[in-house]
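Going by the order they are written in, the chains are A, B and C; count residues from 1 in each one.
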Amino acid sequence: MHFSSAHEASRLQLNPQGRLRHFLTTEGLSREQLTEILDTAEGFIDPVSGVIRNSPLLAGRTVMNLFFEASTRTRTTFEVAAKRLGADVLNIDISKSSTSKGETLRDMLWNLQAMTADIFVVRHGDSGAPHFIASQVTPKVAVINAGDGRHAHPTQAMLDMLTIRRHAGAFENLSVAIIGDIRHSRVARSEIHALQTLGAKEIRVIAPRTLLPRDFDNLGIKVFERMEEGLADVDVAIALRIQNERMESALLPGADEFYTLYGLTREKLKYAKPDAIVMHPGPINRGVEIESEVADGPQSVILHQVNYGIAVRMAVLSLAMQGQMDGR
Amino acid sequence: MHFSSAHEASRLQLNPQGRLRHFLTTEGLSREQLTEILDTAEGFIDPVSGVIRNSPLLAGRTVMNLFFEASTRTRTTFEVAAKRLGADVLNIDISKSSTSKGETLRDMLWNLQAMTADIFVVRHGDSGAPHFIASQVTPKVAVINAGDGRHAHPTQAMLDMLTIRRHAGAFENLSVAIIGDIRHSRVARSEIHALQTLGAKEIRVIAPRTLLPRDFDNLGIKVFERMEEGLADVDVAIALRIQNERMESALLPGADEFYTLYGLTREKLKYAKPDAIVMHPGPINRGVEIESEVADGPQSVILHQVNYGIAVRMAVLSLAMQGQMDGR
Amino acid sequence: MHFSSAHEASRLQLNPQGRLRHFLTTEGLSREQLTEILDTAEGFIDPVSGVIRNSPLLAGRTVMNLFFEASTRTRTTFEVAAKRLGADVLNIDISKSSTSKGETLRDMLWNLQAMTADIFVVRHGDSGAPHFIASQVTPKVAVINAGDGRHAHPTQAMLDMLTIRRHAGAFENLSVAIIGDIRHSRVARSEIHALQTLGAKEIRVIAPRTLLPRDFDNLGIKVFERMEEGLADVDVAIALRIQNERMESALLPGADEFYTLYGLTREKLKYAKPDAIVMHPGPINRGVEIESEVADGPQSVILHQVNYGIAVRMAVLSLAMQGQMDGR
């Protein structure tokens, strides 16, 4: 699945009034649109206690989780978020066989739509699958991308943006480093687009050459192969998860050597600013991408990320539902 | 499991006031009783927008889905319907081993009843299992048959009746043809009983001799072996799903030959009335029972069937619950 | 996992005001504390109809079922109880691999806590796992023990206590016999602690020597090897479930011989008081621990136990949530 431009992909997720009616990618959305998501999410968080408050914005709505690729963790966050908005949530069992042919997938989705689905939360191993569903199959069901192939993971990116805004401050003052397997990471792609749009002062990636994307020159970000240089004076350090299956391939020299070179240790973290925050999309491989003492240390905001993920998903679900209604 | 008469099976699903308290079969129910189900379902559909409206008729009730035979599709429709009525819904994991002995099944059901179940939605591979549960095991739990063996699939039949009434008009003016594997189809059985009771002008079945039931003479319906004759001037054409496992057996000459002879194509549909509607219980085997252009064409009401299925299941769930309460 | 004393284990489950904030074990709780659970449960039961009433005490709360050991039956009772209290309930899929290392379990639990879980219902094959979670991992999430190893099954014990109180009367007048595999039974352990605290007149266990615990002397209960003597004039007879895997081991002489010696038959039940009640934690092995005619007979309260289990779990869930809130 390819889209000719960020413009086209972005337009697909907006209604005629320019409001979100799907949430497929951070790419191509405006600073105002991303900021609205962050502000809406923040509105669910009690300013004093920090507790996430419920809101009946999706009462009577039916949210269907379609996880073609298993992820208990992400599915659970969407299930909690939708229920906190008063929605009925169904986790659809998807047999892999029934999705091998595009046409069968189409029929399945048409049927789920006819069963009065209002929102599909879609995770799929193929890049572009949520776009395909939103554009070609069920445009009147709000489609939320919960991760597609190597393409995008926009709710993860937005919860990271909310974490940065709350714990590190205004984007225009911030230098942000993303560390690890940039090439295969949909999280990194979505983060970079969001950081650029939100006006981060500086975006860096730190990775061995084998884990850098090939088409990276035009993204306007700084590339480092050594942690000492890449982390120097950053405000935010984001360690990516290394997929175990990749560590066994020829791309990487093994978990031990990766940790030695790129593991986020107390030692290496000293290169960053003293109050730099440490983030990770989870689940953590302790001793591979990150030292336990850093993950659990005072600079880590990793569990805040998880918590804000509920608020961000509540924001995206309710905004897209509203955009669907207004756009009809 | 055998019942000596339609009268007995029907009586079992009625309370002393003659109202539904289980929904096991369309057989033996009166025209008034079937019409009440259709009218109740129609009451959930907004007359202007066609949107299905929620109603708190089952608030505080516990609905348990007991699918001894897997069916994500049908289970999902019942889950949506029950949640739209405000019920708590539990999908019970049923290990096949625990149901091999009748006595163990009985203990399991007694336990679920004691866990304050109000309604069991039962799908079972054995014909008569829902009757057995309603009559012998848990008569005070409302039992809804979601398909039992080759016996009955009454909610599918009733959503088909609602589709026909809304899209083709009054039953007494209609000629309805059912095409395909009549012999093994619980859908066909339940449809035929409902059509007879509701006073359809003419009921036809079109099938190769090997797929006709043996005890068919006394059902008062017309049998055709050729589509040209069977479809002539019908108002409604219902293509049944061919089970893949059957196509590999000696009963059928193979998917290609079946499609040539009995596939509902644009070509063959010309024999029907020009405004005839096309139906299918789903999931569709495109290019086996039905041509894609027919399934997706202007005469197809297949996705309306799915949508009305929610309203019909809401109707049956709420009527049976009410009948249980009144009958106590 | 070992706790130095009942006192320590008990203290862990109480907030500074001495109210329940976790429910991990019946051991070490006071008579007043156990009685409060029973009274709260009884408050959910309509005194006239016996129907269990809903209450919105957990509205807006998120309950997560963490069953590291599968149990559809117990999980279902907690799911029904939590939904009757208005909670959102999530059944978390737990891959066994992710729990092989303590640290990974810890990360998973921290993440679920950050996803705004209010209550964890934990079943685990290792004794002490719920204590470990409540003390070391997520003390601000209310932890309910749904059975841990051979250690405790406190909600089962408390539903048994409620059954005894409602059907046999005041504990101080009662002689209670527990029959079967005492050594491996977490149910028996929790029952014995609860019966002692609630002041039962006499507690007996009846078992072959191989199924008695080795450290039994100090529990102050009477041990019998013969049913005739052990059942003599008891008010309550509780048959434990024999695990099939144990019957195949060298510990037991086989199901037939066990039934001959220890099966609760009409014949043997005659030794008890004429109005003695018969209990079993379920699921029943008919013809192994208990004769079918006894399980289904007039003295059996087995299905009442299941029913009261909903009310007791509602009580424990709502009390622990309240204790968490008050204790913060």
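Quick notes on this one:
Rule of thumb we're sticking to: a contact is a pair of C-beta atoms (placed from the backbone, for glycine too) under 8 Å apart; a residue touches a chain by one contact, two chains touch by 3 or more.
Predicted model, so just to flag it, every value in this text is computed and none were measured.
Counted as hops between touching chains, the shortest connection from chain A to chain C is 1.
Residue numbering shows that chain B and chain C use the same positions for less than half of their mutual interface. Chain C has its Cα centroid 42 Å from the Cα centroid of chain B. The set of chain C residues that touch two or more partner chains is empty. Of all the residues in chain C, the ones that touch chain A in their complex are 60, 62, 88, 90, 92-93, 95, 103, 107-108, 110-116.
Within the complex formed with chain A, the chain B residues making contact are 52, 54, 72-73, 76-77, 79-80, 83-84, 282-284, 286, 292, 303-304, 306-307, 309-310.
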